[in-house]
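For reference, the structures are reproduced in the following blocks.
One chain, chain A, links the two complexes that follow: it is found with chain B in the first and with chain C in the second.
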Partner chain A sequence: MFTISTYFSMAYVLLLLGAILLYEVFPKRARRWVLLLFSYLFFFLISRKLVIYLMLSTLSVHHIGLWLSDVQAECKLKMKEIPKEEKKALSASYQKRLRGIMCFAVFLHVGTLFVLKYTPFTIGNINALFDLAGISLTLPTPRLLVPIGISFYTLQAVSYLFDVYRQKIPADRNLLRLAMFMSFFPQIMEGPICRYSDTAESLWQAERIKYSALIQGGQRILYGVMKKLVIADRLNILIKDVFASYNDYEGIVIAISAVFYTIQLYCDFSGTMDVVIGSAQIFGVKLPENFRRPFFSATISEFWQRWHITLGTFFKDYVFYPLSMSKPLKKLTTKARKKLGNHFGPLLSGAIALFCVWLFNGLWHGAGWNYIFFGMYHFVLILIGSTIEPLVIKVTQKLHIKRTCLPYKCFQIVRTTILVMIGELFFRAEGLRTGFAMFLKIFTDRSFAPVSDGAIFTYGMDKPDFIIIGVAVLILFVIGLIQEKGVHIREAIARRNIVLQFAIFYALILFIIIFGAYGTGYIPLDPIYANF
Partner chain B sequence: MKYLKRIFTALVFLAGLVFLLVVASQIFIPKSNSEEAGMEEVNANGFLAEKENSIDAFFIGDSVLYSSVIPLQIWNDTGYTCYNCGSSGQRLSYSFTMLQRVFENQSPKIVFLEMDAAYRAQESGYILYTAIGEALPVFQYHDRWKDLNADDFYSEVEHDFIVNDKGYEYSTRVEACDDDGLNYMAHSLTEERMSIRNKLCVQLMKWYCDKHDAKLVLISVPSPANWSYARHNAISSLADSLDCDYIDMNLLTEEIPIDWETETRDKGDHLNYPGAQKVTAYLTEYLVDSGLLESHKDDPDYASWDECYEKFMEEVG
Partner chain C sequence: MDEKLFEILEDIQPEVDYHTCTTLIDDHYLNSLAIISLVAELEEAFDVTIPTVEIIPENFNSAENMWKMIVRLQEEG
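Here is the complex of A and B:
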């Protein structure tokens, strides 16, 4: 019924239209139910019976949230009743109890995710170790069905529980509101990973659809469809073949494919986010942005503040800070500061926390060594960046290079982009070994023949394909440049006269219809991030 | 008032969009039915270039059909004009589109629908895409932006590319069927379920044929790789419910004695030329027995069919 490419299928369009129609028809109180109904319908259609995982997860989050809240309330009450000198001990005992509940909650939710997603990978590695050790034992690998979107809604669940635990938000006694937060259909498959404080209230308010929200949401959806259909799906033809049988291709073709894959991944994921955020905007829900023009980043660290932002902030808030603020690492920082100075001292404990973040980040993307390598690659780049920063400042000062001048910024952007593309090559490669082999081939097979004799145009994408990709990427670049200057394009369009607004809509729609890679001869790209 | 103004704006916008899509469709639609002009499924759509109301019977289906029915053999034996609209991996919604195209400039008395496609999945998106593509060809032929030339902007559509073999795809390749595949029609009482979408498509085609006074006949050509008794049972039930004939040639082993060692081109998936001759001979008999058609053998308006037959004979040697 639904294909995996749900956000770009006719079925999603029909579902969204149905939801909009019913949402508008029903009174405010029933609108919440309409959204919840459509959210569960959507999840059922993409995951069938695995919808049970979402239900159980929601019930468990609701219950544990209340449990935490009750214990906190009990603690507060008792604190009022006992003498001052006993308060510290009582607080410590309650803290221990709350930590225990949190450990249980994390174990339950992250454990489910781990079992479903990483069991085959773990068993595969154990079997490989047995093999290395000469033990003739092979553990059977179970075939587990993983619900689509589990990585996303699990992180939302964990963030909610942590926020309740830290008393940043009160536990929600309303199961319906919590279920809406966990399952809101536009974002359940690929994020963004929302915080309870981001969306729960606006979902609950279920305000009438505003005309401006409908128009602007529609524009955003179309922009996302353009990225996906015109760029990501068209690039798929070449990328699929080269990554599947890289041995048949020259180094230059592999390098071009790595560049194309980075563009494809960006257009696929950010295009999906445009559809998701645009859909939510129609219902008056403001989802957090997941991308902020990442290819304008000067450093890898900045890149990750602009790419998959909600995942980055999740790891920052729930892994990096708790770890770096933990007692052992604080002690380590104090000691290291004395021995290594103010710059390198804090770097040591920061590096340990950063290592954990990037290990989790790599693993979150998938159960495979290439994903772990991808995480470690960025960990090393960020660490090197932080370590040598004082040196770079000194060198640029000595060479009289203005770090704020345009050429230097361009150099930084190009350098960062190249580093990102290398990482994505390993990310996309079918295994870590293949990733290294492909990377090496770029330098060992240095023939430029496919480009000079035009053979590159026979590898699935012809010259017009390259031209239209170039035009579409140029459009994205110009729009990105305008947005970097702080202009809100859709709002600016909304202020113009209706004829110009129509013309922009028509141009975008026709551009997608004519230059989209769909229909006979094209196989749509499965949403890449839905599998993570 | 504000609400009405918005509805009016939306309607104006939609009208403008439809106008643009109609204009774009005029530009993007192939101006001929040849491959060079960008036509999709050239063999299956070759009937578009045939004279109006000149074809007596149509065969619609997928690749098992275009490998099995030779219209020019029927012409030579009976003087009936038939066209084979088989295309690779054809889905039933496309078959229905094909049927609609057929009745635009032809009035066949009989339409044969090959049922292999009844077990091919169709997503809702594909059905919608096929329907929209037929109404607004820019969706179907959008990829022609690479080949557009000045003619596309002002020329009229003129289907002038005659497909000599009338949709049949000639092959003499031989790849014998495995022994395991030969018992594929072992008797069974079970029925293999057809999807509701596919069932609806067949019902729609029956309704459409009735509307145009044409007889719809369901057929299954011999194909061990694709057919089974459970499928036979399901299609028999469907044919009963629609009150139309069903010819399952997989069961007619005496009337159509296919040698699976030599008369299949790919291990029992598709027939080759000798196999197709046998299937065609049987269907020719069926057409004669139906008494629905008249021979055009001596009609000078159909002289081109003799020329096509001669060319075909040269091709097959």
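Here is the complex of A and C:
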């Protein structure tokens, strides 16, 4: 009944409608239980008995949060009772205890994620090493069932515990509220990765559904469905075939596939986020945005501030800054700054922290060398970007190029987009070796024949498909351009009369029905990020 | 506000009017590498420890907010 493609299935629509109906029928207190029950039901329907992982994780987070809070309270109490000169030693001993609890918590939660997700990859590499060393020993690879969304809810759990540890938020004694935060069904499968302070309170408030939220949430859901059904799914056959047997295709077709895959990934993931954020909006919950028109980015660094934003901020807050602000790296920064100056001084410790961020980022996406390469590729690009920045400023000044002028900005945007597309080619390729082979073939097999003789229209996408994709991408571009100018489109529509509001609703529905890629001849795309 | 703070800021990233700018982070005047430098310098100059939890845009968007954070951390000891 429930396939992995749940956010775009009739089953999800029914589940959402059921949740809305029961949520509205019951009084405030019971509404919280309605949301929790629907969240667990959703998870159960996708992952069956693996829902136990989510429940155990929630119980553990609740318990460790309280444990941290109790130790912090005990520390504060004792600090009041002792003389000033003893305070430093006491604080240090409590800090050590708190750090110990945090290490245990990270070990438990990230360790579970690591064991479930990376055991086959680790064992596979150990076996390859044995083979290389001539040792005739092969470790058996266990088949582990990984609950959907574990990479997302584990990061939420870790962020909650770190925030309690840093006393940014108080530990929540209310297990129901914490369980709602950990399992809220629209976001459990693909994020966004929320902080406790983002959503817990609005979930707990369980306010009545407002008409405006219903309409605006509905519009956002339809926009997401449009991205997925009209664009992402329509591109699927060509991408699937080319990436599965790239040897049968010319370099130009591989290059087009890399472009299409980047568009597909964006439409699939950001379309899912539209459905997720729109669904949450109906219940009065404002989820953080995960995308901010990434293809308007001037640099790779900016791209990652606009693409999968919640993952980027998670790594920034819980990996990059804690590492770069650690005592040894701070010392390194101060020393290096004195010797190498303002620009290159912090670059060294920044690079060490950045390397860890991108290693984790690559690994988070999947257990495979192509994902690690993907992370390292972006690490190198960001590092190069930061290193040569003063040189670029000098060169542009000498050439009298205004860095804020439109042509230069366009050049930056095109360059960044091409670099992103190369990265996505490796990301999608079936293995790192295949990725390199595909990338090389773009330059070695330079025949333009598939485009000039029209053979490209026989590779799973015909001419009308190309036209529909072109028009839909143009619509996304125009909407993006308007949003870049600071216009909130849905709010602007909401201020207009009801006829126009419903006309837009119907236009979106009609567009999806007429131009959506569904039914015979199409293969719906499984949500890409649900597998991470 | 201590003039030393402005000296440090201008040393790290010149060409910004730190007396008026209130969007140092939001408008990308200070990137993460500048923040790494800045924190190390502020800690040394004002004898405070800036914990990671304090590294949020609100605290670094203006010189005034940075100064408020420094004073608060000094008071907390």
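By definition in this document, the second predicted complex is superposed on the first by the 532 of 532 C-alpha atoms of A that agree within 3 Å, B and C clash if a C-alpha of one lies under 4 Å from a C-alpha of the other, contacts with A are read in each partner's own complex, and residues count from 1 in each chain.
As a convention for this text, a residue touches a chain if its C-beta (ideal position, glycine included) is under 8 Å from a C-beta of that chain, and two chains touch if they have at least 3 such contacts.
Values in this document were obtained by computation on a predicted structure and should not be read as measured data.
By the touch criterion defined above, A:386 lies against chain C but remains apart from chain B after alignment on the C-alpha atoms of chain A. By the touch criterion stated above, A:345 is placed in contact with chain C alone, chain B being left untouched. In the superposed model, A:337 makes contact with chain C only, not with chain B.
Once chain A of one complex is fitted onto chain A of the other, the partner contacts of A:516 are limited to chain B, with no touch recorded for chain C. In the superposed model, A:405 lies in contact with neither chain B nor chain C. When both complexes are overlaid on chain A, the residue A:166 reaches chain C alone and has no touch with chain B.
Of the two partner chains, chain B is the only one that A:462 touches; chain C does not reach it. Partner chain A is touched in their complex by these residues of chain B: 6, 9, 13, 16-17, 20-21, 24, 28, 40, 123-125, 128-129, 133, 138-140, 142-143, 145-146. Against chain A, the residues of chain C that register as touching in their complex are 11-13, 28, 31-37, 39-41, 43-44, 50-53, 55. Chain contact summary for the complex, chain A toward chain B: residues 1, 3, 9-11, 14, 211, 462, 464, 498, 502, 505-506, 509-510, 513-516, 518-521. Put simply, chain A touches chain C in their complex at residues 166-168, 301-302, 316-317, 320-322, 324-325, 329-330, 333-334, 337, 342-343, 345-347, 349-350, 386.
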